[in-house]
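What follows is a structure written as structure tokens; I'll ask about it next.
The first chain written gets the first letter, and so on, giving A, B and C; residue counts start at 1 in each chain.
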Amino acid sequence: MFQHLFNPSVQHTLDLIGIFVFAISGSLLAVRKNFDVFGIAVLAEITALGGGLLRDIIIGAVPPAAFTDLGYFTTPLVAALLVFFLHPEVERIQVGVNVFDAAGLGLFCVTGTVKAYDYGLGLTASAALGLATAVGGGVLRDVLANEVPSLLRWDRDLYAVPAMVGATMVVLCIRYDALTPLTSGLAVVTAFVLRLFAMRYHWRAPRAWHRRSTVREEESS
Amino acid sequence: MFQHLFNPSVQHTLDLIGIFVFAISGSLLAVRKNFDVFGIAVLAEITALGGGLLRDIIIGAVPPAAFTDLGYFTTPLVAALLVFFLHPEVERIQVGVNVFDAAGLGLFCVTGTVKAYDYGLGLTASAALGLATAVGGGVLRDVLANEVPSLLRWDRDLYAVPAMVGATMVVLCIRYDALTPLTSGLAVVTAFVLRLFAMRYHWRAPRAWHRRSTVREEESS
Amino acid sequence: MFQHLFNPSVQHTLDLIGIFVFAISGSLLAVRKNFDVFGIAVLAEITALGGGLLRDIIIGAVPPAAFTDLGYFTTPLVAALLVFFLHPEVERIQVGVNVFDAAGLGLFCVTGTVKAYDYGLGLTASAALGLATAVGGGVLRDVLANEVPSLLRWDRDLYAVPAMVGATMVVLCIRYDALTPLTSGLAVVTAFVLRLFAMRYHWRAPRAWHRRSTVREEESS
């Protein structure tokens, strides 16, 4: 019932923007890894749609939205082409890309949580799937590029926490019957702003206490 | 309705051949990575069945064919045993293996597209899933072996493009009501021959324009 | 019908123990890889729940148990916190952890096989899914940590074989109408003890015959 929290066409436009910026991040990594044009397109598709794909398979919403909405499928290809031809320019505006990526993170953690709840999952599970929707594409991107997922690394600015906060706000709103376009918009903005602050002030999460000094430091750099 | 495009027993035999050659490629990589006999069997199974498994999970055809047809399951084990005992001989006929692998690629991109369409997906999504069926197993193989998927690397001969052409031919035939055993056979042969040409003449796809010279070249070699 | 082979609350407690020890193994690898506290939690969740998640998605049991049982979800977080604060102590009792991990392996290969059979899969496919349940989480753990799955490496003590034996015993019992709490308990114990022996006496599986000497040995060390 919450499926269309916002006006459907507004929601769809926001989704496409989120997909586009995630696809840009996948394409940029593909260029850095020296992939060819098809490798760039594949990584763009998987980064942009992977999180939602995982969520839809887990909640049983098959075929997943990624395969039923042509706009979802073609948007990453546009991003891949753009990076293919203009990647030095795109890299130069990396800060701008990061801001949009933060917006995608905020949006997807909220819509992912709502969709999971609509399919009958509990509150905690819905929040976990909202988080998976937001960060899953980036993890698949890094696995395919044969890198340690930047989500897991201690030397990266907080990424999961803003999405967790957004997803938690949504399930609290659902719990107390207060989920409206306004409150869910607030959750999107909170996750978005938290991620911006995390990038600006390089917020990081702690590693395990008493980490042995014998660990190979170079692996984390 | 298109499910059995060819005579069912012909189709099944072709499927088993495709599964067998994909399993050979997985087994050979496992030997090169120094895996033990069980690692060889696991990689053979996943290379051979992974693409169809992904497709079936995405279109909601569960349990997937890989788990309902005993022949699909045992064929990769035969391939793994063969490579385990005879891998120098199998490596020596690598060219022959590559020809069969190209045949598997052509076959699976066509049957994958048809099956996805039968499950109600749109034309573009069906073609995308046909491609995923054909190349998905190889990507899972490389991810499990902790290598950059050869599908994505610029220094490998074209692999995705022949499958894309085959899948596109199928959806065009469906669109214009012209999908017959003859036309789909033609799509298989086209993808197969394109892949043979790509290997023979080392066709490659371009990397991003104006790639920065600072990129680490050794990563791509 | 076999779903609750043991008393439901006994079964649930055993499941939670298995999930807990698998989560410990994921957390320890995360600490060794220098992940932050959220990376430790993510790897704990995926190691503990990944195998069952794969099985449930393949047999069509969605949403998977991992997302419907709050205990399944929170147990790995407890394990992650424990390792986060006490990992030198946990590493010191590594032998104890390994014994519990062997118990989890034995338990999950049996319950995974039974659940797959309950969802209508054939005997061979059920055994294969039982094996996947038991070892799948560890494979996902290693893939996310960007390492060659220890399941596949020849220089690790046998891990898949004990699970295969346990799963095979279960399907033989089903085939001959002899699946009781006693016989399935026996299958659990057999897999458990075999794994203990494999660790104690460093049982290993052979690599391919006539392996070429040119293979890079350092990759396997």
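One rule holds in what follows: a residue touches a chain if its C-beta (ideal position, glycine included) is under 8 Å from a C-beta of that chain, and two chains touch if they have at least 3 such contacts.
Since the structure is predicted, the reported quantities are computational estimates derived from the model, not experimental observations.
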Chain contact graph, described as a line, ring, star, complete graph or other shape: complete
Type of chain B:chain C copy interface by residue overlap (half), same or different: different
Whole-Å gap separating chain B and chain C, where each centre is the average of the chain's CA atoms: 29
Multi-partner residues of chain B (each touching 2 or more other chains): 57, 143, 146
Residues on chain B engaged by chain A in the complex (per definition of touch): 57-60, 119-122, 124-125, 128-129, 139, 143, 146-149, 151-154, 160-161, 204-212, 215, 217, 219-220
Chain C residues within the chain A interface of the complex: 30-40, 42-43, 53, 57, 60, 62-64, 67-68, 70, 73-74, 83-85, 87-88, 143-146
